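In what follows, structures are represented as structure tokens.
In the two complexes that follow, chain A is the common piece, with chain B as its partner first and chain C second.
Now for the complex of A and B:
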């Protein structure tokens, strides 16, 4: 079950890169979270035919990749997983909206094609924005920031514990499938007749784990309120980071920077 | 005021009326006690520990910890006094780093950030794992996880430490380290284990359980050297004592087949 062990490795890998040190890693998590939310909001707010405006938003991931040292190649590999969903979002647009928009080398480009393309770009950029947040911020810091933003406690705790236990669950699943494959050497996958019992096993083990975990929490004074570690206060550099990115997003969104730059050269 | 910190009087427990797991358990533990609970698989050792911290509440009889009777209302006060180390450390280490995990209980008991930091440092120093402070639990070995799990309960400054099979899955070096740590802690300790050699080294008193009852309660040396009693209850003499009592060591491979 190479795929399960790969998944475990991926979670560990994300933790490792989030623990690195760079100017972006050092920014206060609350500021990074607000900037990410703002980036996603500005990105999705572009009009459905505004491809050129949308492309200028690439400046944020490009800057963050170069400042944080997060591997662009690896991120693109991660994107492969969600790419089908992103494509699926806009794939039907060319069929529903066939109104011609412009001619490109003799080829009629329809409104549907353009809106499909903007949906695709929006999908990729927003996913990259979120990826860059978790690649440069440790999970406990993200949860601390969510807590500061008054996101419901139960949701934040859920995120924190899911992140911690996803690897435990994956490794339990890995053990089950390894034990199965060692006794079914001539089978490529898991026979459909035993899917039910294997999934059932996994479910019971998860319930067992969750019960043990909850017991462990209540024995150490947990009463429904998760108390997060307090991080250092927001510094002036963090405010500067927030202000600069806020200004950049506003300029990119509300001025036609691509046309202005084009005008300078034409 | 009683000199006993834990008093367990006529405790019986069952999930199902027809199958009693614990029957009429009575014992008490004082401030100098390090008690080993021993017995074959399924005799109720872990259940007894779970009752002491109120993880199982449907028992009959009475349990008091530090003069407080264990009831649903008193559980938060009881749990502040008792640190419970789970058999599976994976259940105990649920935070992203060891520091966060050790800080979990002090934060829940309302300590400020400075006091929490002090408690965490002290607990990690006591166990000698300061170097693991920022490590993620999944990157740690079984031995490191066990030591971190002990640190998480020491940060609560409990009066009593309960441990369920603490040496399970530990290599000899980590097991030795754990024994040394246990001997250095002057808390009341109650340890459920099959590792009789560890019990011999860390406990001054033993409760031998069988069929949900306490069969014997006495000095560790006295019980763990009683071959007949141990064997009648599904156990053996500790390995370190087996040579002295005529049980000969039989190598899996005859000596003549070993070529060095």
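Now for the complex of A and C:
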């Protein structure tokens, strides 16, 4: 099944690019997490008609793609997951708000058109912000950052274990589904008569695997407590990264940089 | 039903984070109360199982289309509601980070819409009462379908509420509700039937797995409804404070004293802070304020184009420089 094998490839691919080395990859995960949240927060805080202000927020993804060496092309694939719904909402805006906003070469641009465009730009920028975090930070490091933020240990462990077992169970599901497809060619989806047994088999295999996992953990001294590997402390470069991006976001949000720059030419 | 960051205002995202965090903290407490070390790896692997199961499409008889499971009720039946809720959080976080399915700011909303309603409301208010006097095929089907349908209906309604209160979309509330609820009624029914099929298979082959889930919840319906009520009041109250266009208590009091709903400022620090607050509030005085045309007119358009263009140019120059450096290093 394409969907399952695509997902396996995706997990491995993200793991590989997050393990690369670049100035951005080397930034402390906690700092990257804070900067990402700040970026998304500032981006969505722009008003729904503030297109020009919002466009200036492109500075962050462009700089990070450039500094980290992460491919922009792959991030486009990520956009297709969430953008259809956002685009649908944006496309409907012009129909529900027809109040004229300004004239562009004789064409009346309505509030709905502007807010639809803003919604689309916000959708793209926020997805790119999140993508750049995970493309430059391994999930273990994100979990370490969550630990530092005092997210409960049991939850962090869940994220780590689920992540580790995703590829294993996706492969298992892929095998089951491929075997099924070979016996039921040209059929869209799983027939309702085998809904229970097909997923049930996957469930039993998962539970058996979890039992095996628990046994092997006990043999290695597991007593209910997890010990996460500690990463290096926050360095001055990390503070500088945090400070610089914080300042950039604040300037882009609280000043009309676009108008000031444009004013020099108009 | 995963929400994107773009559909939310920071205020609504923040409130939903707080609500989901409160439910998570309570679940962590309950799981720790009768902590079984074996449960931790089981939860992790079950999270991965739901993740994989969500990718399998099930053909819907007579329609030519297909659906998939979300897994909240299924996990709650197998692990108990608290462990299921924590497992769902892990799944939603990984989906958001690795597959861009749902946003980081919207994670609180997604946890609430997809995990909370299924693991707590759907489970305690429907699945548990129906199955409490013993399991049977009919009871499992009824409990699963009703549990899934109701939790998806509540989730879909929450998406509409969160988006509308955020003020991002121009879509009227009634139109949005009319579009979302029927679709999710169909999705919920299919999910309920698939969940029932899996649970019946488990019940017939390894029923001890369902007993393990049932033992986890020594919890009365009354207590659940009280907690739900408190959360609804808290969330509803916080959201309506953001959304209300009527003066709140403080504004009303000021209005009574000064004749105006807001105090006059005397410039200086107050004005600076007010300007910062206005920009970050997103919903200044519960509306989007009076931004002028497309930001700040034509010079704004030129300026934003310049910033974007300059950034891309710098990035290209940097890329060429890096390639050259790499090539030189390769030669030497």
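Remarks
The criterion applied here is as follows: the second predicted complex is superposed on the first by the 222 of 266 C-alpha atoms of A that agree within 3 Å, B and C clash if a C-alpha of one lies under 4 Å from a C-alpha of the other, contacts with A are read in each partner's own complex, and residues count from 1 in each chain.
What we mean here is this: a contact is a pair of C-beta atoms (placed from the backbone, for glycine too) under 8 Å apart; a residue touches a chain by one contact, two chains touch by 3 or more.
Predicted, not measured: the structure shown is a model, and the values here were computed from it.
Of the two partner chains placed around the shared chain by superposition, chain B and chain C are both touched by A:213. When the shared chain is aligned, chain B and chain C each come close enough to touch A:164.
Legend: residue contacts after superposition of the two complexes on their common chain; A:10 is shown touching chain C, with no touch to chain B.
With both structures placed on the common chain, the touch criterion links A:38 to neither chain B nor chain C.
Of the two partner chains placed by the overlay, only chain B lies in contact with A:221; chain C stays clear of it. Set side by side, chain B and chain C differ in how many residues of chain A they touch, and the one touching more is C.
Contacts of A:148 after superposition: neither chain B nor chain C is touched. Shared-chain residue A:234: touches no atom of chain B or chain C.
Looking at the shared chain after the overlay, A:139 reaches both chain B and chain C.
Shared interface residues of chain A (contacting chain B in one complex, chain C in the other): 139, 160-161, 163-165, 168, 209, 213, 217-218, 222-223.
The touching residues of chain C, when paired with chain A in their complex, are 2, 4-10, 13, 24-25, 28, 31-32, 35, 37-38, 40-49, 51-53, 55-61, 64, 66, 69, 78, 86-87, 89-91, 93-94, 96-105, 163, 167-172, 175, 193-194, 196-202, 205-206, 209, 275-276, 279-280, 282, 288-289, 291, 293-308, 311-312, 314-315, 318-319, 322. By the touch rule above, chain A contacts chain C in their complex via residues 1, 3-4, 7, 10-11, 14, 36-37, 40-41, 43-45, 47-56, 58-59, 62-63, 65-67, 69, 78-79, 81-83, 85-86, 89, 92-93, 96-97, 101-102, 109, 111-112, 114-116, 119-120, 122-123, 126-127, 129-131, 133-134, 139, 142, 152, 154-155, 157-166, 168-170, 172-173, 177, 187-192, 195-200, 202-204, 206-207, 209-211, 213-214, 217-218, 222-224, 226, 253-254, 256-263, 265-266.
Chain contact summary for the complex, chain A toward chain B: residues 12, 15, 138-140, 160-161, 163-165, 167-168, 209, 212-213, 215-223, 227, 229-230. Residues of chain B that touch chain A in their complex: 53, 55, 76, 79-80, 82, 84, 86, 88, 90-92, 94-97, 100, 103-105, 107-109, 113, 136-139, 152-153, 156.
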